[in-house]
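Several structures are given next for inspection.
What follows is chain A paired twice: with chain B in the first complex and chain C in the second.
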Partner chain A sequence: MLKKSILFWLILSPLVVVILFPFGVMFVSAFRPREELFTYPPTWTFSEFRWANFAEMWVKTNFGQALLNSLYVSVLSTLLAMILSIPAAYALSRYRFPGKRAYRTFLLMTQMMSPIVLVLGLFRMMVALGLVNTLNSLVLTYAAFNMAFTIWMLQSYFSTIPRDLEEAAWIDGAGHLTSLLKVFLPLAVPAMAVTAIFGFINSWNEFVLALTMIRSSDGFTLPVQIYSQVAGRYQIEWHHVMAATMLATLPVAIVFSWLQRFLIRGMALGAVK
Partner chain B sequence: MTSSTSLKPLAMILPGLALAILIIGYPIYDLGYASLHEVSRFGQLRDFNGFNNFRDVFEDPLFYGSLIRTLIWTFAVVGGTLALSLPIAMMLNEEFYGRGLARVIIMLPWSISLTMTAVVWRWALNGRAGLFNATLMDLGILKEPIEWLGEANQAFTVEILIGILVSIPFTTTIFLGGLSALPQDTYEAAAVDGATRWKQFRHITLPLMKPFINIAVVLNVIYVFNSLPIIWVMTEGGPANGTDILVTYLYKLAFRFGQLGKASAISLIMFGVLLIFTIIYVLLVMRGEAGAEAEE
Partner chain C sequence: MASVTISNVGKAFGTMNVLRDINIDIENHEFVVLVGPSGCGKSTLLRMIAGLETVSNGEVRIGERVVNDVPARERDIAMVFQNYALYPHMTSYGNMSFSLRLRKRPQPEIDQKVRDAAATLNLLPFLERSPRQLSGGQRQRVAMGRALVREAQVFLYDEPLSNLDAKLRVVMRTEIKALHQRLKTTSIYVTHDQIEAMTMADRIVVMNGGRIEQIGAPLDLYDRPGNLFVAGFLGSPSMNFLKGRMRRTQGKAYVETEGGIGLPVSAATAAAENQPVICGIRPEHIAIAGEGGLPVTVDVVEPTGPNIEVFFSLAGQNGSAVFTERHKFRPGDRVALHWQPEHANVFDAETGVRL
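Then we have the complex of A and B:
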């Protein structure tokens, strides 16, 4: 076991280094004093942890506003997707109904549709609806594009909750709704939470639609705001960019690391089967 | 079954279905309509012009350049990802010290927005002060810093490698799902019969993993074919369109150059390609399900 562990870590080490490398770059560049960013020849060493970089960055890059925008869009789109997905997933896992097969095919197909191919049509539609340059355009589109994933995930988890439990409750005289609320829901809450968090992360990280729909910088979400600090600028304040990237990614990375085993389980349960 | 019990599930799926049809269905219709018309740069539809937009696309050398690079990008990233992910998944599926930590690290790129990853790499690869050069110089591999993104072919290669890096977590996850479902007793029986590790891999693991490999290929092809952020953030398709793939070229046409008719036509062509892959995916999934039901 020890020999095997050392061997496996040795084999994995190049990949581990390459994965952790950008985190190192982010960390060092975010804390470095500005003068040390462009030393020649380039080195990893730096003289002090300059926490002031973060305070400066917060003001200069309008980080707070972008953070609020990202939170607004991610929370609302996840809520909307969940409200629409939970009944649909329940129907898929518990009922037979006409057109079920066609509906599942439709879900699989929408899961494959990428925003970039439709982005021009979506933009024209949002113009027509008067929603361009509003965060709500993102709420609607993120919810729609996430739904296939959330329904699929929820459905595969719901199918693992034994139907007998609900049926036993009916026999005991509980109504359908009561059994749903008292028996099914408590068992389904963990699955819903996990699915919602993955939906949230998807929305949090989305780039193309946010770049397209939001025209004024007040409405930028974090990825677009950080991109706008880099794109088409003569002078890029890299220490601010790296500090912003670090603040925007670390919390999500930590939550994701904690939850990733559920994703593997969801896949094993039938998300890809 | 009474009619009320079959109406209930329909009512449950309907609201979500309506949103999906509005957001995903309508733009497809709109793009189809616009692609057959002359479109002003402000998005007003003018006269019906038949297939002129498509003709413009097919007469455009930049389109072919982007198309070829899209093919290279897709094959290289998907091929590289699969070649690395299967052995990684097989290792992560076995017990060893620190497996939990290894899983967390390898899944890490998935949690981070491609935009942010690309921004960090763009800085790391900076020719003057990038820490990638610093590392290679510290190790004695490089004497002078290199401008990694200055020349198109080199930049494109770097982008492909980063594409592989960020695709590994998802693919490994699919494979882990598959590996965890493999019957252990088959391996034990094979080991008793004296089958070597390689033989076990060739004759047990690979055939049983085939459905998962198929799914991973198709899903990755779809995702990579459509992926904009890495190339957009690192080089914007430049220098001189040398790293443009279809999605970046489409985005420039639509939102930089205001050639909306042509952009609609390219969107529709890409939609067609996507549809073919999606149908393959749906058929694979359906076949998998039919197989699973037959086993039950």
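Then we have the complex of A and C:
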């Protein structure tokens, strides 16, 4: 047993190194004094744990504003996508209607298209709507892009919730709405949480659309803000960039670890009989 | 409690007809079992009575009320599902009290009813457990309890015991029957297990391919099956079918097989002389003949414990017989058999109808 798991970790170790290396560099660079950034040969040690990097960075890069923007866009777009996806997924998993197959194929096909292909069209659409350079343009486009995925994902989860349960509720005297609220939705919570996490992370990390739609720096989301610290600058403050990157990955890590119990429960959902 | 009347009911999924021309009158207090092979439409019929499936043709009445367009929740029926369909996020108590809470009954009354039902079903120690923490048999009881607290007009069961092991199935079978004898709620019970059907039913409805083959009391169907399908479906081991032609001599009737052997049948049969027929005889009605019996060759002997089942061939056709005596037959032995003519059924070889 132990031997086996050691063997598996050995096989996995190259992968682990590749994944962890950037994080290591990020962590070390974020806490180093500026002078130690480019020592040669490179080392993993640092002379002091410089928290001040974060404070300086926060002010210099206008991090707070970007964080708020990112939160606003990610939370609202995830909410919007979920509110629209849940009924759609429910209908897909429970009802027969004409064009159902075509609809599902369509959902899948939208997933094959990269947002970059559509960026120009979307930009012109936002111009027409008067939404360019507002965060709401991102809320709308992120929600739209996420929906294909969230509908698909929710639909496959919903299909694992036995229809019998709702039928039993009807026979017990519940109307459609009551059975939905008291029987179906409580069982679907894990699935919805998992889907919401993915939607949130997608929105949080999105870059191309944010770069296109937002013109002024007060509206930048975190990825764009961090990018602007690197791109087209004569001198790059790497320790600030790394500190910002680290703070930007933090909310995702927190959301993920908080919701991961749902992730596991969601995956075990089919086992409940 | 109420009667259930099903008149000329049919069901089509798209262009596929799965039920045709179903007529059943179920009386108040009756326990009716729908039985038939897989896919014959038993569940569909039950779900139409429950209101979970629309009625394509005909009329379903519960009591005096036509319920074709009445939604399930207003039909005042209770149903036990094959996989129990317990709400996984509620405790046993929550599951059983759900319908009462929906009806906004006062809390003391809910408590009283749930505890009464739980006591009946030996569930009191398990009320605070969630379905996941219950064994299959306990889940089955909770599903029963959920139906019981309702005091509904009609109980519907869709193969409620098929997920239990053989022993528990027999226990629960008896419990459900005892419960019905006490409560007398009109019940419709779907199963594909003919022993369940025989033991539990006041009346059995035998279905096949979306139609009703025969309706009747268990022993009537067993002793006088209306056709080959019913004859073969009820009884285990199943009835022997031996082909031949009808003959009558000196007031006695025979079915003559190809090898010229005369199988005794009741002279009361309506079959015409020389008509191709099938003689149906149950294995337990076959006995060892002293002399002048039907010559057969033993193929296989299977002791089951209470009985010995002997598979034989008779004039090139296969059959089986069941004996309680401990005969020491070996494969290849030649044995003489006989049976009382009135135990044998005669069926039309073409239509399968009993003559």
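In the analysis below, the second predicted complex is superposed on the first by the 247 of 273 C-alpha atoms of A that agree within 3 Å, B and C clash if a C-alpha of one lies under 4 Å from a C-alpha of the other, contacts with A are read in each partner's own complex, and residues count from 1 in each chain.
The rule is short, and it goes like this: contacts are C-beta pairs under 8 Å (C-beta built on N, C-alpha and C of every residue); 3 or more make two chains touch, one makes a residue touch a chain.
Given the structure is predicted, the values throughout are model-derived calculations rather than measurements.
Clash-free side-by-side placement of chain B and chain C is the outcome of superposition onto chain A. In the superposed model, A:174 makes contact with chain C only, not with chain B.
Residue contacts after overlaying the shared chain place A:164 against chain C, while chain B stays out of touching range.
In the superposition on chain A, A:186 makes contact with chain C only, while chain B stays out of contact range.
Angle at chain A between chain B and chain C, computed from CA centres in the superposed arrangement: 90 degrees, to the nearest 10. Contacts of A:52 after superposition on the shared chain: neither chain B nor chain C is touched.
Touched residues of chain A, counted separately for chain B and chain C, are more numerous for B. When the two structures are aligned on the shared chain, A:2 is found in touch with chain B, with no touch to chain C. For the pair chain B and chain C, the minimum alpha-carbon spacing after aligning on chain A is 7 Å.
For the contact definition in use here, the residues of chain A common to its chain B contact set and its chain C contact set are 272-273.
Chain B meets chain A in the complex at residues 1, 5-6, 8-10, 12-13, 15-17, 19-20, 22-24, 26-31, 34, 43, 84, 87-88, 91, 94-98, 102-117, 119-124, 126, 128-135, 137-138, 145, 165, 168, 173-174, 176-178, 180-181, 211-212, 215, 222-223, 226, 228-229, 233, 236, 247, 250-251, 254-255, 260, 263-264, 267, 270-271, 274, 277-278, 281-282, 285-286, 288-289, 292.
Of all the residues in chain C, the ones that touch chain A in their complex are 50-52, 71-73, 75, 77-79, 81, 83, 85, 87-89, 98-99, 102-103, 132, 146, 150. Taken together, the chain A residues at the contact with chain C in this complex read 162, 164-165, 167-175, 178, 182-183, 186-187, 272-273.
In the complex of the two chains, the chain A residues touching chain B come out as 1-2, 4-5, 8-9, 11-12, 15-16, 18-22, 24-26, 28-29, 37-44, 80, 84-85, 87-88, 90-92, 94-100, 103, 105-106, 108-110, 112-114, 116-125, 127, 140-141, 143-145, 147-148, 151, 201, 204-208, 212, 222-224, 226-227, 230-231, 238, 241-242, 245, 248-249, 252-253, 255-257, 260-261, 263-264, 267-268, 271-273.
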